[in-house]
Amino acid sequence: MATASLALTEATDVLRPGSEDAAVEAFGDGTNVLVVGGGTIVVPEMTFRRVRPARALLLQDAGLAGITRDGSRVTIGATTAIEELVGVPAPLGPCAANIADLEIRAAATVGGNLCAGGGHEAPRGDLQGAFLALGATVRSAGEGGIREEPLEDFLPRRRERLALDVSYEEPAAGAFAGLDRPHTHDYTALAVSAARAADGTVRLAATGAGSHGIRLPSAEAAADDPEAVGEAALQDVTPHDDALASAWYRTKVLPVLVRRALTELEEPA
Amino acid sequence: MKVVGARIPRYDGVAHVTGRTTYVDDVRIPGTLWVKALRSPHHHAGIEKMDTRPAEDMAGVHAVITHADVPLLEYGHLSALGIPADEPLLALDEVRYKGQPIALVAAKDEETAAEAVSKIAIEFEERPALTDVRQAFDTDAPKIHREGNWYTHFEDEMDHRQIRKGDIDWAFEHADTIVQGVYRPAAIEHAPLETQTCQVVPEPSGRLTIYSCTQALYFSMGVVAAHLQVPLNKLKFVGGTTGGGFGGKVDTATETMCALLAQKSGRPVKWRWTREEEFLCSSTRAPWHMEIADAVTADGWILGRKMLTLHDAGAYSRFSPYGLTKHSFHHTGAYTIPNLEFDGYVVYTNRVPTTAMRGFGVTSVSFAAETHMSRIADVLGVDPIEIRLKNANRIGDTSPNGIVYTDPSTVSTIQTIAEAIGNELKAEYRTMTNEPRSGEWLPEHLVAQLGNPEEH
Amino acid sequence: MNLTVNGVTHEVESSLLTPLLDVLREELGITGPKAGCHQGGCGACTVLVDGEPRRSCLLPVAYADGGEITTVEGLGSPEDLSPIQEAFIHHYAAQCGFCTSGMMLAGQGYIARGGTDNAAAIQEALGGHVCRCTGYAKIVEAVAAAARGDSFDLTETAVGKYTKMTTGGAE
Amino acid sequence: MAKHKGRGIAAIEYPTGMNQNGDPSQAWIKVKPDGRIDVFAGTADIGNGSKTIQTQIVAETIGVPYDWVTYDNSNTDSSPMCTGTFASRATFVAGNAALKAAQQVKQKLLEIAGKELEIDPADLEIVDGEVVAKGAPQTKMSVADVAGAATFGHGELITGTGAQLKPYSAIIDSETGRVDTPPHSAISYATCAAEVEVDDETGEVRVLRLQQCFDVGRAINPTQVEGQIEGGAMMGLGLGVLEDCYPYYPDVEHRGGAFGSYLAPSMEDMPQIDTILIENPSADGPYGAKGIGEMANNPQPPAIAAAVHDAIGVWITELPITPERVLRALGAKAAGGGEPRREGKKIVFDEELSVNAVSNGGMRFEVPA
C-alpha cells in the first residue's frame, strides 16, 4: 500500500554523494536541492508536503562526519551527530545535551542544526548560539564555490549553502544557560552561550531571540559589569512571540540567562 | 473474594507488550483509499463559492463529498437527549473556526488526496471573529450563530443554567468578609498517542463495517446512523481498543465522513489525522471563565456563594450544555455551602469546538473553588486544612441541587493527607468524621440545608 | 535496498527518502511501531537500528539500508517474552498500549548501553517519549526492574513504589 | 537566583456516571460446554483497563478462575449496547451490567448442578470453578461438568444478560437547579498535597511531589487504580503548569501543533507521586466500587496554585501557571500592586480579569456589598 511519502519521494531525484567533492558538485549552486543530513528536520517536512524537492542530497556517505583537533583548533564535520558533542566542554556540550532527546541527537547532525530555518512554532538551531560564542567559522559550498567565513556571516545565508564543517579555537572557559522548560522536548525557548577565548575575549550569543542564533555584542561590551550586562543584551535582539514564549517573557529572561552564563563562566559549577 | 481486589495483570497486557494489539491504523484492507480534508483556513468566514470538479477530475480520485452529500447534515452530540443540533457535519455556507471541515477527498493514496484537496476552488468572505467570551454579550460583538452568541435551550428555554439555594442576600448581609476572585483554566488538547483514525469497508450486503477508535461504540454508531438516515443494522462498528482518548474520542469526528466516502466510492477508505490536525483541528477541553464571590465569617464558615461561569464552547455546542450543567451541580466542590446563586452560560467563540475531557465540567470548578478556598484561608489567617474540614460535606448535607450526600469521604481524605504531610491537626479536627453534623459542626446557618440520607 | 527486520531480510522497494516507519508499516506490514506523530515528537515509532533506538519516522530508509532492525515483534513472542516485556506487564507500564512498543525499545537500548535502575537516568534516556495514560511512574519502575534483572511473576502486578492502602485491599 | 519551595492542598469530589444518568450499559455471557465463560460487552477499553475489570467482576461473581473468562468488546454485532467509556462510568455502570449477567449465569449453573446433584440450588455455591454443597464440601461437581451436562444432557445454553441503567429521570427545575433524584451513580472524593519549587528569576515552576488520597469505593484492581491516579496526576500537573492550546488566550494565534510546541508533560516533569487509597464502598457499585478515572486530574491544579502562593506570595488564577505568569505576578507585587482591592468588607482579587473590566456592558458580575 502506497503512502504519501512513498508517492512523493518517488518523484524526487535522490543523490547520494560518496565524498565531499561529490557532495559539493551535486549541491552545485543549491537551486532546488534539498539537503538531508540526519533527516530529523526535513523528513517531517516532506511527510507533510511542506517541502517538495526536485532533488534531494543525502549526506550520510559523503564523509563529512567526525571531530578533528589540530592543536587548539577543533573542526567538526557537518554530518557529525549532535550526540557526539554532548561530552565536550561548555558551552557546546551542555548546549548539545539540551537538544531534544538521545534518539534525536543521535540522528540529527551539526550541519543540519547550523542550517536550520526558523521553526514556525518554536526556535530551531540551538547550536548556533554555542558556536557563535566560540567564534566559530563555517566552511561551506554553493554559489561562488567553497569558502570559509565566520558563523555570523554564514547564518543569514545558511539556507543557500551546503555546510561542510565548522571550526573553533578551544576556549579558556565556557558556559551555557538555558530555560529548563519544556523538558526533553524538541525546542529550547531561549538559551545563552558564553565563552572566554584564550586571549581573554568574552563572546556571548543567544538562541531563541531571533530567527537564528544571535551574537550579543552590547552585552559583551558590558561583560565586566554584572549590573548592566543583562539589560545590555536586549539591545542586540528582537524577541518574538511563538508557541513557547512571548517576546515579553524573552525580554524579561534574556538578562537573567546572560548573567547566569557569565556567572558560570567566572565560577564554573 | 479472590479475584476482585487482586492485582491481576491487564487482560490485554501480553498483546500490548508484543505489538499484537490491533489499533485501527493496524487493520490492513487491500484497495483502501486515503482520505484528506479541505479545512477552513479562517476563524470565521462565509463560503461564497466552491467548485469541487477540479478535484473530482483528477486521476486517482474516487470520491469527493461536501455538505450536499450528507442525508442529515446537522445531528448534535446531544440530539438523542432532544437538544437542538447546531453543527453541520461539513460546512454549509459559513465556517466558524479555523480547521472546520468543508469537503473530503478519497483517493488512491494520501498524496493524491492532498493534492486533490488543494485543487478544490473555494472563495471565502472573511468575517470578524469573536474570541473573548467576556465580549460575547456586547451589542457590538461579532455574531457567530444566527440565534446569537450563547446557547439558549436549557429547561424552559432558559438561556443559562442557574442554581438558587437558600437565601443569598442573608449570606452576604451576615458575612464578615466577602472574598471575590476570577479563575481561568486553559483549553487542553487530549493528545492521545493514537490520532483520530477510521477505516470504513462497504460490504457486499450493503452494510458498512466501520473500524473506529471511538470511546463509545454505540454512541458513535447512533451518530453515524442518524447522519446517514439508516437503521443500526446497516452498520457494524469494530473497535473497543482505543489508543488513548481522555474524552476526545467521544466526538464522532471521522466515522460519518468516512462512511459517506465509502458509500460514494464503493471502496474501503481510511482517514488518519496527522498529529498537527489532532492538535489544531480536533476539539479541546474548554477554557472556562469563572467569577466567585463568597460570603464568609471571620472564623472560616462559608455562608454563601455567588458565581458566574462563562463556558467557552468554541464554535458549536457539542457536549457543552451537558458540561455546564454538570459544572453547576458541583460548583461548591467538596464543601457544604447553604446559600447559592449560580449563573452559567455556554458561550460561542470562533475557536475549535470544545468537548468532553477527563473531569468534564468539574475540573474547571475544582480549580476555581479550591484556589478560592486557599485564598479565603489566607485572607482570614485560618489554617487551610482546618477551613476545609470545617466546611467539608458530611453525610446528610445537601448538594447545590438538593441531593443528600450519603457516603462522602472529604473529611477522611483530608485527614489522611494532613497526616501524610506531617500536619498535626487539633484534636477537634483529628476526631472529626464523615458522619452527620452535630455540635459545633452544625451551626445555625447549616441546619436548614440538611436532608435525610435515607431519602436517597 | 534491504533491511533485516527481527532477523528476517527483506528487499525494500520504497524510495530512498521514505521514513523507515512507513517502510515497516506500509511496505512490510510490521505494525508494532506506531505512527503517533510523524514529527519525531512522541517516540511511539522508536525501533532499534543496529541496536540503537531511533525514531523511525525521522529516518530516511536509505540510512538504514543493510541494517539490522528490531521492532517490538522481535523482542519476544507471547510464548517467549523478553525481560523488558515481562517487566512492562508486571509493573503495569502499559495502559492504552500505543506508546508501549517505543517505550520498551528505548528501554531495551538503555539497558543494552549498560543503564542501571537509576530513575533519573531512565527519565533522561526515555525522556523524549510521550505517554498520556500512565503518568510514567510505572514505566520507570518497569525499566528499572528490567535493568536490575528482576524476575517477574506474571500472574500478578507489582505494588506501586509509593502506594499504600488504608483499608481493604486484596483479601 | 532564588528558588522558593511551597506546599498547597486541595480537596475535591466527583460524580460517577453521566450527569442526569440515562446512560445504559449492557453485557451478555455464554458458557462453553467445558465451563469456560465468554463475556460480550460494548465497552471500549481506552487504556483505563475495563477489559480487565469486567473480567475480574465476572470471574468473582460466578466463582471461577480469572483465566476461564474471555472478554469480547470488539464489535457491535456481537456485543450489546454500552453508552461508552467516559464519565468515569466503565467500572461502575458497565461493571454492574457484567455483574448482573454473571449473577444470572451463576444461578443457571446452580440450577443445573442442583438437578445433577439432586440438591436444592439454594444449598449450593461455586468456589474456584467447582459447585459445592454448602456445609458438605465433599459433595461437589466442577463447573466444567455442569456446563457439559447442560449442553449434552439438558439441551440448554447457559447464558446471562445484564443491564445497568439509572433512567434519565433527574428533572431539573430551571429556576433553582433542584433535581428530584441523584443525578449520578456515586460520588467519590480526593485530597492532594503538592510541593513546588519556583525560580523567581525565570518564573519556572517545578512540581516536586504530589501526595494524594483517593476514596475509590473499592479497588477491584489496586494496581489499575494506581495507574489511573498516577496518570491523572501527570495530566493534572500538565493542567497546572504546562499545557495550553491557546498560549495567548483569548487570542487564537501561536497554537502548538507538535509535541515540542504543545507542552504535554514529559517523563522528566514527573514528581514523586504518593498514592493512598481509601475504600469507602458505594451503596450500589460493583463490589462497592466508585469511578475515579476522571477526577484523577482534578485536585492537582488548585494544590499547585496554592503551593506557588506559599512559595512566592502571589496568586496565579489563570492556568497554566507559566513562567510568564509567575514573572508578571512577581513584577506586579514588586511594583506595589497585585494586592486585592478592599472596599468595606469586600476583598476583590483579579479585577483586571473580570468580565466587568472587558465587556462593553453586555455581561456583568455584580456582588452585593
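Chains: A, B, C and D, in written order; residue numbering restarts at 1 for each.
Methods note: a contact is a pair of C-beta atoms (placed from the backbone, for glycine too) under 8 Å apart; a residue touches a chain by one contact, two chains touch by 3 or more.
Keep in mind it's a predicted model, so treat the numbers as computed, not measured.
Q: Please name the chain that ends up farthest from chain A once chain centres are defined by their CA atoms averaged.
A: Here the answer is chain D, farthest from chain A.
Q: Distance from the CA centroid of chain A to that of chain C, rounded to the nearest Å?
A: 30
Q: Counting in whole Å, what is the centre-to-centre distance of chain B and chain C, each centre being its mean C-alpha position?
A: 32
Q: Just curious, how far off is chain B from chain A if you go by their C-alpha centres, in Å?
A: Going by mean C-alpha positions, chain A sits 42 Å from chain B.
Q: Could you check chain A for residues that touch two or more other chains and list them?
A: 1-3, 6, 48, 100, 183-186
Q: Tell me, which residues of chain D touch at least two other chains?
A: Touching at least two other chains: 46-47, 49, 213, 218-219, 222-224, 232, 235, 255-260, 262, 264, 266-268, 274, 276, 278, 280.
Q: Listing for chain B: what residues touch at least two other chains?
A: If we look for residues of chain B contacting two or more partner chains, we find 1-2, 5-10, 12, 28, 191, 242-246, 274-276, 416.
Q: Which word fits how the chains touch one another: line, ring, star, complete or other?
A: Per interface graph, the chains form a complete graph.
Q: Over in the complex, which chain C residues touch chain A? Could you list them?
A: 14-19, 22, 26-27, 38-41, 43, 46, 52-55, 57-60, 62-63, 106, 124-125, 127-129
Q: With touch defined as at the start, can you tell me which chain A residues reach chain B in the complex?
A: So the residues of chain A touching chain B come out as 1-4, 6-8, 48-49.
Q: If we count contacts the way the header does, which residues on chain C are in touch with chain B in the complex?
A: By the definition above, chain C touches chain B via 29, 31-32, 34-39, 41-42, 44, 71-73, 75-78, 81, 85-86, 88-90, 92, 94-101, 104, 130-133, 154-159, 166, 168-171.
Q: Tell me, which parts of chain D touch chain A in their complex?
A: 1, 201-204, 206, 242, 247-248, 254-263, 266-269, 323-324, 327, 331
Q: Once bound in the complex, which stretches of chain A touch chain D?
A: It is residues 100, 119, 121-122, 179-187, 241-246, 248-249, 252-253, 256-257, 260 of chain A that touch chain D.
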